[in-house]
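Dropping the structures in below, format is structure tokens.
One chain, chain A, appears in both complexes that follow, with chain B as partner in the first and chain C in the second.
== the complex of A and B ==
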């Protein structure tokens, strides 16, 4: 029964919190740039405003263009419901493991890329092509991170990995460091953050994600933006959960444990968001054709993480 | 009885097609007959799958007088009968409408039932003689359909390469079975199962089988014929060749390596897994750069065969190591992927056929915007594209999930080659899966979305009733096989039990909809739950958005940053979509180079942009081989012009050599 309750809390939490996390990152970046910046709650207002506007759809668009925002939103939301944030005691936890999580995110990407190509403009195709290039390296890198975590803990289910680490079975491992680095690189790429993409610009020659969704307006755009916000929160939660699971309530923990879990989750989320803002203000964007090197590096780090497990075993 | 009459009806249909091929209606009757026969054979397969009683067998006095033809259907045959005849049924229904558009249909229709017959006989064969004859028959009947449109230079070349590679495959399989039968010459599979092959014999049998069946399945570097031959045939035949015939090849591999051979060491599994990984990545890299829709699909077949072979290799390695539970898991994963691939690749090739019959083109450069003109084909193709891109909750994801799960268990083996090899193969598999999604976003986006790039595409009409329904049926299967994974693995468990010694069961803690291969805490997946839950979130999202906001919608011209272009050529093309990938992956592997020639200022000549690529397999393996054979032929040619003295000398030297061989052998 509790598992059902916490699952519902999680479903609402990720949607409710996501705009705040994004707004907070924007606000922190503005502060670091010496600007005052909009309040962290600005994304809520933006989303509400977009919902009130009529949606404009190009004549050449098919049903895919209209369905894609909802499919993307639902798939990212579903993925976010599965990552343990404040507790691992959730009904849906066994329905999907980390591999399925990667695939669920791929569903959203697949549809967004198709929607980008649907109208038949040059920008849409450009964005879709680049997004798929990034994904074709980021996705395997993430699976390799999953592989090394699964070798270490004997499971691919995030809840079980958390239980394994919290039981004190893991010391400081080189592999974990490499896997963390790979996951951070993947997270930056998948969320379109600097140095891969710049979330603050439109009409840059280098844009990726924004080019795909250029034709969207009104509620469709709201769905796409909300999906992007949830995805950012999801990755932050994933990094926090897998590599710093301390505080998460395990099955059997009472209400007090869950409250502690919630507080720990919020603390972790906002400190990681601050780190992201710091990182983004201190680094420059990369050329498009350097992506392959960056993400190929992430893939190799993931592979090294698995192989180092044996090297450290043998030494 | 049902099976026998279905099999007998196929050659009769072929005969009928030859005799009455002039009449339009004959072709429809033949394909309808093929559909009925396939459904009957499918039903036959279904009754034998999971049967715990001894498999039925028949001995018929066919073939050479002292050899009888043995037939039998065990669980493995039954599973592949289901795969083959499901694809065959869909392709037959599709062909009723599709063959109307084929100019050379009288050269195709008679061979179609024969092709089905041959594939079914390979699966039912219970001795080497029937197996090899049917195998060769399968190659030849499909070859006839590949060269049916022989006026095209490309098709003739494809037929040529196909014939050579098919001969190579049989050339390898023949001695493999010969070695298993031994000098005593008992060619039945039952005798082969109990024969001890010895070290050298076992080695040769495994190697020759992997080469022979692997060349038919399309393992890199023996895949070269596949992307030439599969697209050259009419689309309903391509669907069968790619979706189904490659499975017959894998059946041959499983039958020999896991059933007849019986004592394979883990090294073979490790090697096969590596080959599978390389095949998967190379196949999808070729696919993602193709411009021809059918070639793209054929290369994607190479990729998927690679994925299935990863699972198969892993199963052999686990079995060789004595870890039978994990071997069962890997084999179930591999078989699941074969089932899935036979469904969605047939669907995609039929979709390509529908596009060709509606527009007359198969080059991505002139297609576009077809989803609005052909909603049925477009939607069915979308399901197939999503399934092959391994997106949940469709079937492609389940099998890749299972293969990844079994790979994640691979490093537990006590061999360093596996500890280091398995992560590399896992990385290959992950890369292949991600690139497949890219490949099919490109293929679907360029073909079905955007604006039409030619008048033919702009005026396309959706295909006829039967063609639509055959695609829709396969699309529904893609969903069904994805959301009831445990039902499928339970059925596959019957197949793997005799091969690995144990069955495959999901852990009992979670129950039916949860696919949890090793234990409940090891990681689980439930397509059923995920789909139901995803659909509810989808509905909630739509409901809330329409409740909170406005429902107004306006159709307008595309915005495109304020400067939209009317000309469809300004859209992204297949070439421009592939360009970043070509730069990232093609530079070293395919030696992809781009050359831009800009005319001098004031010069009115157009600027040109040329891309050059080299196929490493052709330039590195096949062309040197051809040159070597030519060189040898040139030099052996001299032997034709010797004097009588010369010939006598040669005979004498040969005799001396042979006597030496005999002498040395007696010494040993």
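== the complex of A and C ==
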């Protein structure tokens, strides 16, 4: 019964928290740039405004264009529901595993790219092609991270990985450090954060994600933006859950454990968001031609993480 | 704190040195290469200090101080000054594209692991891991020397190679201080020689690209 309740809390939590996390990152970046910046709750207002507005659809658009925002939102939302954030005692926990997570995110990305090409504008196609370039490099890297974690813990389910690490079965492994670095690089790429893509730009030469969703308006745009916000929260939660699982309530912990888990989750999320803002302020965006080097680097780090598992005889 | 935890931290710092080695291969600007090198030396100093702490060997603090003063501060500053003084091209000229270099780098890490595994079959997993890390750093330094055209970046590759040797030395128990001091000073001497050498090459060829030297090799022309 509790498992059902916590799952519902999680489902609501990720949607409710995602705009705040995004708004907080924007606000922190503005402060670091010396601007006052909009309040962290601005994304809620933006989403509300977009939902009130009429959705304009191009004449050449097919049903794919209309369906894509909802499919993207649903797949990302579902992916966010299976990452344990404050407790591992959830209904979906047995079904959740990291490979399914990668697949769900891929579904969302696939539909966004399809929608980008559907209308037939040049920007949409350009954005879709770049997004697929990034995805084709980021996904293997993500899978390598998954493999090294699952070789170490013997499972691909995040809930069980958390239980394994919390039980003290694993020391400070070199592989974990490498996998963390790789996952951070993948997360930056997948969320279109600064070295890869600039989330704040509409400059035609540099945009990737924005180029694909340029044709959207109204409630469709609200869905797409909300999906992007949830994806950011999901990656932050995933990094916090896999590499710093302390505080997460285990099955059997009472309400107090869950409250501790919730507080720990919020602390971890906002400190990682602050780190992201600091990181984004301190470096510049890289050229499109260097994506392959950056994400290839992430893939190699994931590969090294797996190799080092065999040296340290952790498996 | 348990023994296992101590060794895990040591390996984590070792892996940071290795990552800095990959960072050296990844950078495309000479100044970024120098900064990465300074970071690698800093990680090396941390590794030496941590080993001094867990092995209870005070002389390793000396090694850490030498790494910090000479390799993390003096050498990068000197190279910085040289690059500015000589007005060298700020981009790194590579003989092999960056992506390929990284792939070869990972292959070298795998190679060093495969070499270390049979040789140290009798040793514990702990020694094996630190040896594998140090050997990878050495091989990456060599790779850097091979794949860079510019003399400054080749020197950085040489220094990185030497960082790997020190990393191996500090993780093995019972290396006398004399050896370390002599290594540190020979590197410093090498550094000075390289500096003079740079001036000579540039005076002669107006460039630090070592390809110009090749026409002076005996077996050609």
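Heads up, the rule we're going with is that the second predicted complex is superposed on the first by the 312 of 315 C-alpha atoms of A that agree within 3 Å, B and C clash if a C-alpha of one lies under 4 Å from a C-alpha of the other, contacts with A are read in each partner's own complex, and residues count from 1 in each chain.
We adopt the following convention: contacts are C-beta pairs under 8 Å (C-beta built on N, C-alpha and C of every residue); 3 or more make two chains touch, one makes a residue touch a chain.
Computed from a prediction, not measured in an experiment: that's the story for all the values here.
Counted by residues of chain A touched, the larger count belongs to B, out of chain B and chain C. In the superposition on chain A, A:292 makes contact with both chain B and chain C. Residue contacts after overlaying the shared chain place A:173 against chain C, while chain B stays out of touching range.
In the overlay built on the shared chain, the residue A:310 is in contact with chain B and with chain C. In the superposition on chain A, A:302 contacts chain B only, with no contact to chain C. By the touch criterion defined above, A:156 reaches chain B but does not reach chain C. Residues 292, 296, 303, 307, 310 of chain A contact both chain B in one complex and chain C in the other. Across the complex, chain A is touched by residues 368-369, 371-372, 378, 382, 386, 389-392, 397, 401, 404-405, 407-408, 411, 416, 419-420, 423-424, 426-427, 430-431, 433-435, 437-438, 441-442, 444-446, 449-451, 510, 514, 516, 520-526, 529-530, 533-534, 537-538, 541-542, 545-546, 548-550, 552-561, 564-565, 568, 570-573, 576-581, 583-585 of chain B.
Across the complex, chain A meets chain C through its residues 171-174, 177-178, 181, 292-293, 296-297, 300-301, 303-304, 307-308, 310-313. The residues of chain C lying in touch with chain A in their complex are 4-5, 8-9, 11-12, 14-16, 19, 22, 26, 98-99, 102-103, 105-106, 109-110, 113, 116-117, 125, 128-129, 132-133. In the complex of the two chains, the chain A residues touching chain B come out as 11, 48, 50-64, 70-71, 73-75, 77-78, 81, 92, 94-100, 103-104, 106-107, 109-110, 113-114, 116-126, 128-130, 132-133, 135-140, 143-144, 147, 150-151, 154-157, 160, 203, 214-215, 218-219, 222-223, 288-289, 291-292, 296, 299, 302-303, 306-307, 310.
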